[in-house]
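Next come two complexes, and both contain chain A; in the first it sits with chain B, in the second with chain C.
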Partner chain A sequence: MHAAGLAAPAGTPRLRKWPSKRRVPVSQPGMADPHQFFDDTSSAPTRGYGGQPSPGGLGYPSPSSSHEAPFLADPMSNMAMAYGSSLAAHGKELVDKNIDRFIPVTKLKYYFAVDTVYVGKKLGLLVFPYLHQDWEVQYQQDTPVAPRFDINAPDLYIPAMAFITYILVAGLALGTQDRFSPDLLGLQASSALAWLTLEVVAILLSLYLVTVNTDLTTIDLVAFLGYKYVGMIGGVLVGLLFGKIGYYLVLGWCCVSIFVFMIRTLRLKILAQAAAEGVPVRGARNQLRMYLTMAVAAAQPLLMYWLTFHLVR
Partner chain B sequence: MRDLKAVGKKFMHVLYPRKSNALLRDWDLWGPLILCVTLALMLQKSSVDGEKDGGPQFAEVFVVVWFGAVTITLNSKLLGGNISFFQSLCVLGYCILPLTVAMLICRLVLLAGQGPINFMIRLFVVAVMFAWSVIASTAFLADSQPPNRKALAVYPVFLFYFVISWMILTFTP
Partner chain C sequence: MAFTLYSLLQAALLCVNAIAVLHEERFLKNIGWGTDQGIGGFGEEPGIKSQLMNLVRSVRTVMRVPLIIVNSITIVLLLLFG
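On to the complex of A and B.
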């Protein structure tokens, strides 16, 4: 089941590329786009060049005015083209079938269904979550509404962009201290990624141990944990401009905001419905869940400080 | 010869970005490859003394450019754009041309010795070329997104060219 949004039909043979290359080998499934991401949506099957259609290396001595006549007149190249395109289609189907096993592409598309207004409001919410009242994600016939329509829904665009921006800002910060070299960027990236993975695994493990029945998926968790990079970027940038004082001020503010944000968001996901409405429910399980929520939320400021303090001198 | 002419035509389209589909319709990756190799060669630190502080190695520039382009393309596809993978790579690669020109100019300016005025000139040139690159690529890429998501697709492009501009600006032979 492929996402309906992508335009080109599957298995479109790439006719238009063949007349243009001078000596293209016949079977090149690698040339064709093997994935729905790689669909060739460019149009214009005809080319303006005086074609030299010699796929098998047969030379046509002079470019003809219409490239179609000598091309189709050669049965060998015809057959070869058909074979090549069928190979390409077959390869594409194979990859499409298997890629969904590893990366849930359609699920990912939900997390990227954002728009500029949502991103703006969400960034504001991350920095100032104190006035927001309703933290419930709206549902529509059992499926959560796309992030575009509900500010409480998690998305992956902000965490992904924040992560990349954080790595670049870290490189910038190291550069202004003359400690930069491009492999340090890779080091920063992999260490931040390792911490993120560790966090996700730890939280999933504790959720499993506490036997919480929650609809918090792994991707949701990655999204929530990725929001702290926004605060980190802000802190480091201000630290570059105004020194340590600015860094501590902004980082402190962002730490508190992320703490409140996480508690309010996770409370709805992890704690039972009754407790989420503010009614204190007795029982060891709810206490455990509350401690878990607090622990997750408290880990965020710690990590924010840990990953940025060496960047600001 | 014909491919060379196609590549040259696309260079012209990048330098004078008009509303045309030439870059998108007949994509090829020769231009980006040439530009990337040129940039990487020029950015290499002439480390005859054996230490590798400051300048990126050839492979690092290559990796940054191609992985950056792939990331931007994935982002654009996930956001729901209707541009194909290789078309996007093609556009992003060709729009490195202004920055390559900036690199050449910086190299020439650096021949006159270093100093604050020197730095100001280089900063100005790189900034102008950076703006040109971003504008050229958004002219091609932003059309593939609905209007309420254009800024979201443009932001990673901005970051990408910023990184390349940073590498060019901090280059010292």
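On to the complex of A and C.
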């Protein structure tokens, strides 16, 4: 058998490897090759299916069906496999169609379109926003540009990662003070999430009451409010290394930075166009909007302190 | 630091219940927050007071039936699990 295989014409090199193994199952369906437990797909597997009769027409290409022939020849299991795979495909289709109703997946994808350069620049901006001049988000045919291309665009990657890091750092801080227990991690996470939710609801409520016509979506707001976790992490880590003095210094710096960052970012979103350009516009409404922006920005340092002071002793 | 998501849910439920039990005639009209008062004219932006009144009225209308359901579930769960 091997000699016959090796004597095959040179134009079909791929058949040289398996002819002995392939011809055996056709003539003796009951005998499986004991030395081969799995399919040998190491050499030209896709071209090797051509000459093989596909059992049951299932579309599952198997280069060596020597030990599968008795199984697949059974029509009931053929049908069962076909039915199972069609059911799985149908289910996946259903989920894909309906998931968009509950979680706006396509909208979320925009917020995660980031790259390393953007993350680096944004982190730098969060701790030192004083030199940045242009805070406008660039638009491209009525849709905002992806965060990858514009540093002013909000993203959800940094807030999500910063939140998780904050939980871990809180666990670390508690551990170094011998106050750690696993359920405390869950408590920290739940507490931080609850404050975030409360903030979002409060800001949405005040935006509704002041009748601000803004394109600030809820997800945008969550992104902006999540940026404070970066400063919190910095403060707690420095507090662990250098004690309370370091903690207060770094936290103070990050608080002021976040305050300036939020004011400069929200000013463009909440205030009227004229006021945002620096021209002082009189009027009760604009004054109210200014107060709202200041209140939102002032709440950030307060929360940053509230959520971290018990971690640094 | 016992401010958890669960306590936030409880607080939200209690607040919505509080808004739902406000009595129009006895209470809101006396402080000028009745639903037939204070509709501003067109053209001008509605002030905070009329926005608040609108909010109260819409919460009362929308949340009446879901509140019954959520309250019943909460009562049953609290009775069972403390």
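A few points about this structure:
The rule we apply is simple: the second predicted complex is superposed on the first by the 242 of 313 C-alpha atoms of A that agree within 3 Å, B and C clash if a C-alpha of one lies under 4 Å from a C-alpha of the other, contacts with A are read in each partner's own complex, and residues count from 1 in each chain.
As a working rule, contacts are C-beta pairs under 8 Å (C-beta built on N, C-alpha and C of every residue); 3 or more make two chains touch, one makes a residue touch a chain.
What you see is a predicted model, and the numbers here were worked out from it, not measured in a lab.
Contact with chain C, but none with chain B, is seen for A:T197 once the two complexes are overlaid on the shared chain. Once the two complexes are laid over each other on the shared chain, residue contacts for A:V95 go to neither chain B nor chain C. By the touch criterion defined above, A:L108 reaches chain B but does not reach chain C.
In the superposed pair of complexes, A:H310 makes contact with chain C only, with no contact to chain B. When the two structures are aligned on the shared chain, A:Y208 is found in touch with chain C, with no touch to chain B. When chain A is checked against chain B and against chain C, the one touching more of its residues turns out to be B.
Once the two complexes are overlaid on the shared chain, A:V117 sits against chain B while remaining clear of chain C.
Once the two complexes are laid over each other on the shared chain, residue contacts for A:G175 go to chain B alone; chain C is not touched.
Counting contacts by the rule stated earlier, no residue of chain A appears in both its interface with chain B and its interface with chain C. By the touch criterion stated above, chain A contacts chain C in their complex at residues 187-188, 190-191, 193-195, 197-198, 208-211, 285, 310.
Looking at the complex, you find that chain A touches chain B at residues 5-8, 20-22, 33, 35, 37-44, 47, 49, 52, 108-109, 112-117, 119, 157, 160-161, 164-165, 168, 171-172, 175, 180-183. Contacts from chain B toward chain A in the complex involve residues 2-3, 24-27, 52-54, 56-57, 60, 64, 71, 74-75, 77-80, 82-87, 146, 148-152, 155-156, 159, 162-163, 166, 170. The part of chain C that touches chain A in the complex is made up of residues 1-8, 45-46, 48, 51-52, 55.
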